[in-house]
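Here chain A shows up in two complexes: once beside chain B, once beside chain C.
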Partner chain A sequence: MHPTTLMYTSSLLLMFAVLLYPLLVTFTSLPLNNDWASSHAKTAVKSAFLISLAPLSLFLSTGMEAVTSSWTWMVTTTLDITLSFKFDHYSIIFIPIALYVTWSILEFATWYMHSDPLMNRFFKYLLTFLVAMLILVSANNLFQLFIGWEGVGIMSFLLIGWWHGRADANTAALQAVLYNRVGDIGLILGMAWLATNVNSWDIQQMFILSKNLDMTLPLLGLILAATGKSAQFGLHPWLPAAMEGPTPVSALLHSSTMVVAGIFLLIRMSPLMENNQTALTLCLCLGALTTMFTATCALTQNDIKKIVAFSTSSQLGLMMVTIGLNQPQLAFLHICTHAFFKAMLFLCSGSVIHSLNDEQDIRKMGGLHHLAPFTSSCLTVGSLALTGTPFLAGFFSKDAIIEALNTSHVNAWALTLTLIATSFTAIYSLRVIFFVTMGTPRFLPLSPINENNPAVINPLKRLAWGSIFGGLLVMLNINLFKTPVLTMPAELKLAALAVSILGLLTALELATLTSKQFKVTPLRTPHHFSTSLGFVPAIIHRQIPQLSLLLGQKIASQMVDQTWLEKTGPKAIANATAPLASATSNMQQGLIKTYLTLFLMTLVLVTLISAT
Partner chain B sequence: MTPTHFTISSAFLLGMMGLAFHRTHLLSALLCLEAMMLALFIALSLWSLQLDATGCSTAPMLMLAFSACEASAGLALLVATARTHGTGHMQALNLLQC
Partner chain C sequence: MAGVGFQRWVRTLSKGKISGISGLLPACRSGEILTYFPINIGEIAAAAKKYNIRVEDYKPIADNGEGYGDYPQLPDRSQQDRDPAYQWDHPDLRRNWNEPMHWDFDMFIRNRVDTSPTVVPWSTMCKQLFGFVGFMLFMFYLGDKFPAYQPVGPKQFPYNNLHLERGGSPDVEPEEVKNYEI
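Showing the complex of A and B:
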């Protein structure tokens, strides 16, 4: 085996071994020491990160990619499934970033979940999730990817419902599973079509054999899978509801790693989509709709975690738009940079929430700029990176995407929605910063504001470095597969910056209006649309089941007795005849003598006429 | 119109006039109804004779049977009227008129 391939394979194997070792304690009955989470779980992830830097540096220096197929899983007449790993540009760059972010989150979680009696189980769940995610990312065939896909789905369910005594958490976990299941139908459809038409689930064989086939159906299946997993419009309600889980879960699963699995699938399968204009247009419009809709919903939320969740959903829509532009690598770049600043935003939220004694409503925060300066600085840095401030992490990916959008032959509606959503990003980011860090405190005086714990400071510091330099580092070290368009009019080049600044100024203006009564009778309808999340949960989660259950109740209890035995049977005759009888008797006046006389006259006339 | 036809028709008509124009007793209306039935019986009996149609020979007997039922029904109504309304006068039967 070539030394580079050997290096890639052995480091992945070592990473899996290092990450699975802490999980083996489940099989021993020894009591764990107090800081098992910190000494074993977090250290495992830190070591795995350091190990993953080796393939990364080798890849950056040689540019060599590898595919390893090892153990043959099953062999049928037409389909072979082996255990195979793909070490390409996408997986080699994503794995270190995911491990870096997870390391920071686990360290933060040792502080955040400190008072939880089941903290060790929490860390085991997080490690299992991480292993499933690595399986998904390094998979070379769809079967292995599906194993990782389902694994992250199940761990998401278990982690969202972590506080399972709370009914809302159970509902949210169920929502996550059900919506992901609907997406899985699409993935299985795609897999079935590919197994029957191109004879394989291996990526290399699929790409070669599908050159002349019409790939619309499996691509629609894969897009459905991405819609479910990455919370695109239509299957999106589970992501804001998933904020019921603890903040480390939100930071790891629902911002950096799990929700990008759907987009990652589309990126891996992008050569199949290159020539299929239907699939590309569908991705473009779906992504634009998602990013606009969720950014609108984020504008009026009051829970800090929900705002960040909708922000995640909006960025996922942006990634989907990028795939629709046939620029999978830019989408991947956005996944990488997004992981840093979104995880940091969630960790800052977690720090703020714990500091204010589990207060999540931004209307009850304020003035934290002076009271928790480090956290507010990180919050500001993260928000600036999110809005695409020049030369922070988000700028390199987001600006590249908007430039590509502006210079492509693209649907104008998608372009408009994406630009408006970019300005909304600035608006809700400023809203968070304004309510949380600026102004005067609106919380109770005796709040345990404390950022002195290194378990809080170090992760935030690491992620802050990532948010500032991450984009630059990634951009400097990769080769872009598709040549970007470098010359465009100045307006297009500055479009992203201009709409963001416009959003920022609008938000500043709105922020100064919070202390004045601008309109005596405000216009409620757009606010209601935004606060009720577009009425989607109200209709799909409540109205439709209510109508179905009412129909069922009517059929079960009323249909047989009331309808079949009464209304269409015996009583139908009575109900039909009685009005007729009463109408007839109302018409007859009872003038017998007149009737008989007339009858007689007629008869006499007939007789006389026939007699002549 | 043959004399026979005229006779029977006028007998029927006279009975009908009696039925229509009697104003006092219900019994007289019923008697005129019987006269009408009698005229019809004669007509049916002469039908098969005049037209040489033997197929309708049984018609008069049928007619008579039904007329008997009808007469008994009419008499029962008369008795019931006398019982409920006290008299057999037509003026008593004014339920349908205002």
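Showing the complex of A and C:
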């Protein structure tokens, strides 16, 4: 084996070993250390991160990618499945970033979940999730990817429903599972089509063998999978509902890693999509609709976690738009930079929530830049990175995406929606900062505001470094696969910045209106539309379950018996033969004389005819 | 212990008025199994007592051959719709002990269908959501018809359209190609 490949595989194996060791320790009946979470779980992730820097530096210096296939799982006449890992540009860059973010989140969680009696189990779930995510990201065949895909889905369910005594958390966990399941239908459809038509689930083989085939159907399946997992419009309600879980869960799963799995799948399969205009247009339009709709919903939310959740959904829509522009690498860059600042925004939210004694309503926060200056600063930096402030992390990916959007041959409405959503991003980001950090406090004086814990400060610091320099570092060290368009009119170049500044000024204007009250209530119709999340949960979560459950109950208890016994069985036979019997018996009126006369007449006629 | 139970069973079988295995079931022995659709006031009162409802509230499900018997028709309200602040016996289910269960109780638990009143009427919600989606689809269709792109022209090459580079003979005079206007 080539030394570089050996290095890649050894690092991944070591990473898995390091991450699985704390999990295996929990399977014995021995009691765990008091600080198992900190000493074992967090240290494991930190070590895994440091190990992952080795393949990263090797890749950055040599540019070499590798694919290794080892143990053969199944060999049939038409399909082979092996344990196969792909160390390419995407996985080698994403794994260290995911581990860095997870390390910070686990350290934060040692503070956040400190009072939870089952904290060790929580960390075990997070570690299991991380292992599943690494399997998904490094998979070279769809089967292995599916294992990781389902793994992250299940861990998401367990972690969202962490506080399972709360009915709303259970409902949210169920929503996550069901919506992801609908997406899985698409993934399985794609896998089945590929298995039957291309006879392979191996990424390299699929790309080569599908050159002349019409890939619309499997691509639609993959897009459905991404819609479910990455909360695109139509299958999006689970993501804001997932905020029922603890904040570290929201930070890890529902902003940085799990929700990008759908986009990651499309990025991996992008060579299949390059030549299929239907799939690209669908991605573009779906992404544009998602980003605009969820940004609209974020404008009027009052729960800080919900605002950040909708922000995540909006950025996922933007990533989908990028894929629709046939720029998978830019989407990947956005995944990487987004992980940093979104995780930081969630951790800041968590710090604020705990400081105010579990208060999540932004209308009951305020003035925190005096009381929790570090958290407020990180919140501001994260929001600025999110809006694409020049030269922070988000700028490098977001601005590149908007430039690509402006200079491509695109659906004009998709372009409009994306720009509007970019301005909305600035609006709700400023809303969060205004309500949380500015002004005077709107909470009770005796709040346990304390950010002086290194378990809070260090993760925020690390993620802040990432949010500021992450974009630059990644951009400086990678090679762009597609030549970007560098010449464009100044209006297009500055479009993203202009639109964000416009949003910022609008939001500032609206924020100053809160103390003047020009209108008693805002315009009710759009306000209700936005606050009630477009009425999607209200309609979908009532109609569809009611229809299917009622129908199921009716079929199971009444219809089967009624059908077989009354409509097609004994009663039906009785009901069918009764009229026949009554008609026949009505005909038999007992008119003997008439019958005899007819009989005699027939006899005479027959005799006469035969005689002649 | 088992012997005592067996003796009771034998005694019940021999003494019971109801024949067969139904005679063993406690509910059957006192005639509490599902009866038919109640017609007169006595049957209605007995059914209401059986289901722990007041006679005024008891309303049987319509008898259309579906086999509901005398089961009451309770209001179609979900558990989420009930008062969260009241001291229920089962606070997570928002239900009291021995309360009559809706036929579709499993559909109305808090994790499933929710019938609580919405801010905006149902028809308005449907109109706004599907109107929004329809509007978006229409606008995407228009956006496809009139896409946004930067103006481009055909590629221009110098040296008389690269006459020599494209294999043209150096002796032959190439046609003049001017890619500019002054």
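One rule holds in what follows: the second predicted complex is superposed on the first by the 539 of 612 C-alpha atoms of A that agree within 3 Å, B and C clash if a C-alpha of one lies under 4 Å from a C-alpha of the other, contacts with A are read in each partner's own complex, and residues count from 1 in each chain.
Note that in this section a contact is a pair of C-beta atoms (placed from the backbone, for glycine too) under 8 Å apart; a residue touches a chain by one contact, two chains touch by 3 or more.
Predicted model only: the values in this text are computed from it and were never measured.
S.K.: Would you check which partner chain A:167 touches, where first means chain B only, second means chain C only, and both and neither mean what they say?
M.R.: After superposing on A, A:167 lies in contact with chain C but is clear of chain B.
S.K.: Would you check which partner chain A:380 touches, where first means chain B only, second means chain C only, and both and neither mean what they say?
M.R.: neither
S.K.: Could you figure out whether chain B or chain C reaches more residues of chain A?
M.R.: C
S.K.: On the A-aligned overlay, A:591 touches which partner chain: chain B = first, chain C = second, or both, or neither?
M.R.: first
S.K.: Would you sort A:197 into first (chain B), second (chain C), both or neither based on which partner it touches?
M.R.: Neither: A:197 stays clear of chain B and chain C.
S.K.: Scan A:47 for contacts with chain B and chain C and give back first, second, both or neither.
M.R.: neither
S.K.: For A:5, is the partner it touches chain B (first), chain C (second), both, or none of the two (neither)?
M.R.: neither
S.K.: So, A:600: does it touch chain B (first), chain C (second), both, or neither?
M.R.: In the superposed model, A:600 contacts chain B only, not chain C.
S.K.: What residues on chain A touch chain B, complex-wise?
M.R.: It comes out as residues 588-593, 596-597, 599-600, 603-604, 607, 610-611.
S.K.: Please give the residue numbers of chain B that touch chain A in the complex, ascending.
M.R.: 1, 6, 9-10, 12-13, 16-17, 19-21, 23, 95-97
S.K.: Spell out the part of chain C that touches chain A in their complex, as residue ranges.
M.R.: Of all residues in chain C, those touching chain A are 65-67, 92, 103-104, 106-107, 110-115, 118-120, 125-126, 128-129, 132, 136, 139-140, 142-144, 146-150.
S.K.: Touching residues of chain A toward chain C in the complex: what are they?
M.R.: 165, 167-168, 170-171, 174, 281, 285, 289, 406-416, 485, 488, 492, 525, 528-529, 531-532, 534-536, 538-539, 541-542, 545-546, 549-550, 553, 557-558, 561-562, 566
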